[in-house]
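The two complexes that follow have chain A in common; it is paired with chain B in the first and with chain C in the second.
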Partner chain A sequence: MILNLMPHLVNGLTLGLLFALIALGFMLILGLMEQINLAHGSLFALGAYFAYAIATPRLPIPPDMLQAWAAVPLGWRYLAAVVLAPILVAPFGALIERLMRRTYGKDPLYGLLLTFGIAMVLEDLIRTVWGTRDYTLPVPRDLSGGFFFLDLIWSRYRFWAAAFAVAAIAAVWLIVERTRFGAMVKAGAHDTEIVQALGIDIGRLRTGVFIFGTMLAALAGVIMAPIWGIRPHMGVDAVVPAFLVIVLGGVGSFWGAVLAGLLVGMVVGLSGAYASEWSLLSMYLLLIAVVTFRARGLFGKKSALEA
Partner chain B sequence: MTATPPQTTVQTFTPTMLITWALLASLPLWIEKVGLYQYLGVEILIWATYALAFNLVLGHAGLPSFGHGAFFGIGAYAFGLAQFNIAANLWVCLLAALLAAALAGAVVALFISHRRGIYFSLMTIAFGQVFWFIAMKAHAITGGEDGLLKIARLPMDIGVAAFSTESNVALYYAVFAVFVAVSLGLWRLVHSPFGRVVKAIKQNEERARFVGYDVWAAKFATIVISAALSGLAGGLFAMAQRSAFPDVMSLHYSGYIVMMTLVGGGLVSYWGPVIGVVVFLLARDLIGAWTTSWMLWFGLLFVILVMFRPDGIAGFLESLRRKEPPAPAPVPASDAKGA
Partner chain C sequence: MAAALSGTASYFGPWTHNRVWAQGAKPIKLGLTCDASGQYGNSGQDDLLGMRMAIDEFNARGGVLGRKIEWITADTETNPATATRVAERFIAQEQCAFLLGAVHSGVANAITQVAAKTGTIYMNTNSSAPSEAGENCSRVKFVWDGNGTNFSKAAVKNAVERIGKKWLLLTNDYVWGHTTSASTKALVEAAGGQIVDNLLVPQNTRDFTSYLLKVQQIRPDVVATAIGGDDIKALRQQITDLRLEERTAWINNQQDWPDIWGAPDSLFGVFGTTWYHKLALPGVEDFVRRWKAAFPRSPIPVPGNVSYNGYMATRELLRAVERAGSTNNAKVIRALEGHKMSAADRMQHFDAYIDPVTHQVQQTIYLAKRNTKPSDPTDLYEILSQTQPQNALDDAAPGKCKLMPFEQLPSYEM
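Let's turn to the complex of A and B:
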C-alpha cells in the first residue's frame, strides 16, 4: 500500500516545493507591499521564454555571434539562461511597479485590476513575439533523463528542480530575515511613516521589493519550463496556484506559504494516484475547505486586504 | 431585516433608459450601413445583459467577483442540456439556464457571502476555476474541450404566435426583449429598498450591520440574483453560438467581464456596463481587423484607464457634463447616480 503510493508521495513533495517556489515572489509582493500582482504568472512565463531564447539559442543577435554562442556546451548555455533570464525580466517588474504607484493607498482592487490588464498585455505580447506553439527548454544531460530506484523510474530533473526550490526558499528566507534590506522591507510593510522618518526612501524600497519578486517569478519560470513546457498560457497556469498557495498559507506568513505549497503538492500528488484526470481540482477544493473554516488561511495575520 | 430604509421615489423610466433602448431597438436597421454586421448586435445585447447582471455584484454591492464566467457558462450548458434532455422549448431552456446558474450562485454564495474585498475576489477565482475545470473534464456531460454542439435556435412561442429566431435579426429582437426585461428589472431592484441596503453595505458593511440590516442575507441574495441573470445571458449566448464551450468560464473571460464593466464605468453609472460592452466588442473587431493581438492594445488602454480614470467612460462623461454648467443646487445623490 505505502509502497504503491510512494511515487505519488514523492511526486507530490517535489511538486509542492515547486509550487512554493512559484509562490515566493508573489508572496513577497503581497506580504510586504499588500499588492496583489496578477501579472506574476506573465513574468513567470517571460522568464521561461527568455531562458528558451538564451539556451536554444534563438537570440536576436548577429548570426556569427549566435553561431559562436551555439557552439558553447549546453550546460553553460543552460546556466546562463538560469542566471540571465531573471535579470532580463527585472525591468518589466520595475515598469509594472512604476505603473502601480498610482494605486498605492487606494482600494487593493485597483492594483488587482491593473495587474490583470498588464497580464493580458504581456500574454498577448508573448503571442506576438513567439507565436502560440509550444517550446521545450533543453536541459543538460546531467540533469535530465531518469534513474531506477525501487523498481521504478524517477525523473532526474524533478529532483534537481525540487532541490533548487529548497535552495531558493532558504535564500529568500535569509535575505528577508538576516539582511538589512530584509529588515527595511519588513519595517516598511509594518509602518511606512516611521520608516520614511528614519530616512529610508520608501519609493526605492518598493521598487526593490517588486524587482526582487519579479526575478523570483522569472526564476521559477526557468525552473518549471522543462516540466510544464513553454506556451503562452503558462502564465495563468502559474498565477492561480501561486495565489492559492498564499491564501491557503495565510497572507504575510513565509512558512505558511511553504507549508501550503507542500500541502497542495501532496494533495495533488495523492489524488493523482486515484483520479489523475481530476487531480488539479483537489487543490481548489482544499483551498475552499480550509478557508471556509480559517478565514485567514493556515497562518495568516490581519492585513489591509480585508478592508 | 429589522430597519426600514428611507423611501424615495424613483422614476420607472428615465430619459437615459429610453434613449438606450431606442438606440438598441433601431440597431439592426443601421448596423450594416456603418460597416458592421448583424451578429455583432446580438453579441452586444447578450454581453450587455451579462454585464448589467455582473455589475449588480461589482458596482452596486462593491463585491469584485473574478469568477462570474462560471455562471455565464453554466447557463450556456444548462440551455443546451435542457434542449437535448428536457424539451426543445425556448422558455423551458432559458428557465433551466437561469435556475442552474442561480443554484451554482447559491452554492458559491454560501461560502463567500461573509467575505469582502480582495479575499472575496480570491475565493471567486477559486470557485470559477472549479466550475471551469469540471466543464473541461466532464466529457460525458459537457463534451469537454470540444464543447456542446448542435444547440438549436429555438422559436419564441408567445402563445398566440411563434417567431423563428433562426436569422440574426430575428434573434436580435428576441434577445432585445430579454435585455429590456432584465435592464428594467435590475433598475427597479437597484432603486428598491433592497437596493439601498446593498448600497449601504458597499459604503460601509460594518455600519450597515449595526444599523440592523442582515448583511449576509443581502449579499447572498445579490450574488444569487446576479448569477441567475448571468446564466440567462449565457443561455442566450449558447443559442446565438449554437454551441457551448468551456472558454467563457476561464479566468480570462471572467476578467473580460470585469474589464467591460469597469471600462464603461459600472462603478459610478447604471448604464456604464452597456457602454463598456460596446467599446470592448468594437475594439475586438476594429483593432482585431489589423492585428491578431488586439488584447495587447486593449489591455494597454485598460491599464491607462485604471490608472487615470477608474470610474470609466461613464464617469468621464459625467465629469464633462458636470463641468459645463456650474451646478446651482446640489442634486440628490439618487438622481445623479441614475443618469
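Let's turn to the complex of A and C:
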C-alpha cells in the first residue's frame, strides 16, 4: 500500500513546489500594493513565449546571426532563455505598474478590472504575434526523458523543475528577509506613510516590487512551459492556482504560500491517482474546507475586524 | 496619376468578377459556430477554413438558387454556455438560415437545443460523441465526423486479438469522452478483453503525471484514450518525454489533425481519422492545392480531417438547398436524409451516406500510425486500414435516437 502511495506523494510534492513558484510573484505584489494582479498569468505566459523565441532559433535577427545562434548547443540556448526571458518580460511589469498608479488607495475593484483588461490585451497580443497554435519549449538532453525510481519511470525535467523551484523559493526568502530591499518591501506593506516619512521613495519601491514579481511570474512560465506546453491561454492555467494558493496560505504570508502550494500539489496529485474525476476540483474543495474554518487562510494575519 | 492608372485598370484588368445576383434576392446567411479559444480553439479555426472554402467556391459559381452566401462567425470558446448565446444570437438577431460548426460535443449539444426550438438546420461538423447521433440526435442536426463508436469498431477487435486483453481507459471527463469510452469498453469485452480501470481526466488537465504513474503501476496491455484537443497534446508530450509509448500499446480513438500539427514527435500508437491529405485517391491533390491557394497564411499548411469535415458539411448543405430548390427547412432536411455521396466525390475509399434514422454521416474510417518515412514535413500519417461504413456502424445509435416527426418541426424559409 505504502509502496503504491509513495510515487503519488513524491509527484504531489513536486507539483506543489511548482504551484508555490507560480504563486510567489503574485504574493509579493498583493502583499505590498494590496492589488490582485490578474495579469500575473499573462506575464507567466509571456515568459514562456519569450523563452520559446530564444531557445528555438526564431529570433528576429539577421540570417547569419540566426544560423550562428542555431549552432549553439541547446543547453546554452535553454540557459539563455531561463535568464533572458524574465528580463525581457520585466518592462511589461513596469508598464502595468505605471498604469495601475491611479488605482492605488482606491476601491480594489479598479485595480482588479484594470489588470483583468490588461490580461486580455496581453493574451490577444500573444495571439497576434505567435498565433493560436501550441509550441513546445525544447529542453536539453540531460534534462529530458525519464529515469527509474520505485520501479517506475519518472520525468527528469520535473525533478529538475522542482529543485529549481526550491532554489527560487529560497532566493526570494533571502531577498525578502535578509536584504534592505526586502525590509523596505515589508515595511511598505505594513505602513506606507511611515516608510515615506523615512525618506524611502514608495513609488520606486512599488515599481521595483512589481518588476520583481513580474520576473518571478515569467521565470515560472519558463520552467512550466516544457510541462504544460505553450499556448495563448496558458496564463489562465497559472493565475487560478496562484490565486488559490495565496488565499489558502493567507494573504501576505511567504511560508503560507509555500505550504499552500505543497498542499494543493498533494491534493491534486493524490486525487488524480485515486479519484481522478475529482483531480481539478480537489484544489477548490481544499480551499473551501480551509476558509470555512479559517477565513484568513492558514498563515494569514488576524483582521482588525475579527473578535 | 493614381486615379488615371486605376481608371485604366478598370478597363484592362486585373479585376475580380462581381457576380450579378438574382434581382433583389436576399443573401443566404450561414452562422458558423466555431471555437477560437479554449480546448478546441485551434480545431475550431481549422474547421472554419474548410467552411469558408466551400462558401467561396459556391459564390464563385453564382451562389445558391441565384443567391449569394454570406457568413458570420463568433468564438464559441469551447464552452456550451457561450455556444448557446452565440446560436441564439445567430438565429434571432442575425437571421442565419443555417448553423454549422462545433468540435466539442457539449458545445454541439448546446447548439442543437437552441436550433431545435426554431427548426434551424444545424451541421455538427466535427464533434464525435456517439450520443450526438444517439440520445442527443435531432431532426435538425446532421453529424459529419465519424463518432467514437465508429473508430472503436475499426480498432478494438483487432487490437484485443493481436496485442492483449488487459485494457485501461483514459477518458476526458465530458460527454464525448464518456460515451466513447463506454463504447470502447463494450467492444473490448465483446472481443474477450477486460477493462482493468477507467481514469477520468478533467478537461484542461495539464499535468498527467498521476495518470501516467497509474498506467505504469497497473501495466495494461493497451491504453485506449478518449482525450481531445489541447489535453491530448499535453498528454502526448508527457508520454513521449518518458518514452512510455514504447512500453505499452496506445490507441487514441481519434486524432484530429490540428492536435498533432507542430508536434509530430509526439505522434505514437494507433489512431483513427476520416481523411488524410495524402490519401492516394482522385481529387485529393486538387483539393489540397485549392485549399492552400485559398489560405496561404494558415498556421497549418495543409487541410486535415477537421477542415475537410467543415468543407464537406458546408458543401453538402448548400447542394441540398439546390436540390430542394428552397431554403425551407423541411425540404432541405428531406434532401439530406438518406443522401448518398460517392467515394470519389468525398475523396474517401468507400461511398458514404447520411443515415436517415440517426442523421450520422456513415463513411470510411481510417486507422493510422506515425509515418516513419515521410515524403515531406506534412506527411505524418501512415494509413494502416480503411474500414467500410457498414463495418463501423454504431449499432446502438438507431435504438437511442428518436427524431422529432416532421409535423412537429417548426417551419421556416429564409
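The criterion applied here is as follows: the second predicted complex is superposed on the first by the 299 of 307 C-alpha atoms of A that agree within 3 Å, B and C clash if a C-alpha of one lies under 4 Å from a C-alpha of the other, contacts with A are read in each partner's own complex, and residues count from 1 in each chain.
Note that in this section a residue touches a chain if its C-beta (ideal position, glycine included) is under 8 Å from a C-beta of that chain, and two chains touch if they have at least 3 such contacts.
All values reported here derive from a predicted model rather than from experimental measurement.
K.L.:
For the three-chain model obtained by superposing on chain A, do chain B and chain C clash or fit?
P.N.:
Superposition result for chain B and chain C: clash.
K.L.:
May I ask you to decide whether A:187 touches chain B, chain C, both, or neither, giving the answer as first, second, both or neither?
P.N.:
neither
K.L.:
For A:280, decide between first (touching chain B), second (touching chain C), both and neither.
P.N.:
It touches chain B and chain C both.
K.L.:
Using the superposition on chain A described above, determine whether A:128 touches chain B (first), chain C (second), both, or neither.
P.N.:
Touch partner of A:128: chain B, not chain C.
K.L.:
Touch test for A:269: chain B only (first), chain C only (second), both, or neither?
P.N.:
Only chain C; A:269 stays clear of chain B.
K.L.:
Quick check on the superposed pair: does A:231 touch chain B, chain C, both, or neither? Answer first, second, both or neither.
P.N.:
In the superposition, A:231 contacts chain C only.
K.L.:
By the touch definition at the top of the document, which applies to A:146: first (chain B), second (chain C), both, or neither?
P.N.:
second
K.L.:
Out of 57-65, 111-119 or 183-191, where does chain C collide with chain B after the chain A superposition?
P.N.:
Superposition on chain A puts chain B right on top of 111-119.
K.L.:
Share the list of chain A residues that count as touching for chain B in one structure and for chain C in the other.
P.N.:
Overlap of chain B and chain C footprints on chain A: residues 277, 280-281.
K.L.:
Where on chain C is chain A touching in the complex?
P.N.:
Residues 36-38, 41-42, 45, 173, 199-202, 204-207, 209-211, 213-214, 216-217, 230, 233-234, 237-238, 241-244, 247, 258, 261-263, 299-300.
K.L.:
Touching residues of chain A toward chain B in the complex: what are they?
P.N.:
36, 99, 102-103, 107-110, 112-114, 116-118, 120-121, 123-125, 127-128, 236, 240, 243-244, 247, 277-278, 280-281, 284-285, 287-288, 291-292, 295, 305-307
K.L.:
Taking the touch rule as given, give the residues of chain A at its contact with chain C in the complex, in rising order.
P.N.:
Counting only chain A, the residues touching chain C are 4, 7-8, 11-12, 14-15, 131-136, 144-146, 152-155, 157-158, 226-229, 231-233, 237, 268-270, 272-273, 276-277, 279-281.
K.L.:
With touch defined as at the start, can you tell me which chain B residues reach chain A in the complex?
P.N.:
Per the stated touch rule, the residues are 64, 111, 115-119, 121-123, 125-127, 129-130, 133-134, 137, 250-252, 255, 258-259, 262, 292-296, 298-300, 302-303, 306-308, 310.
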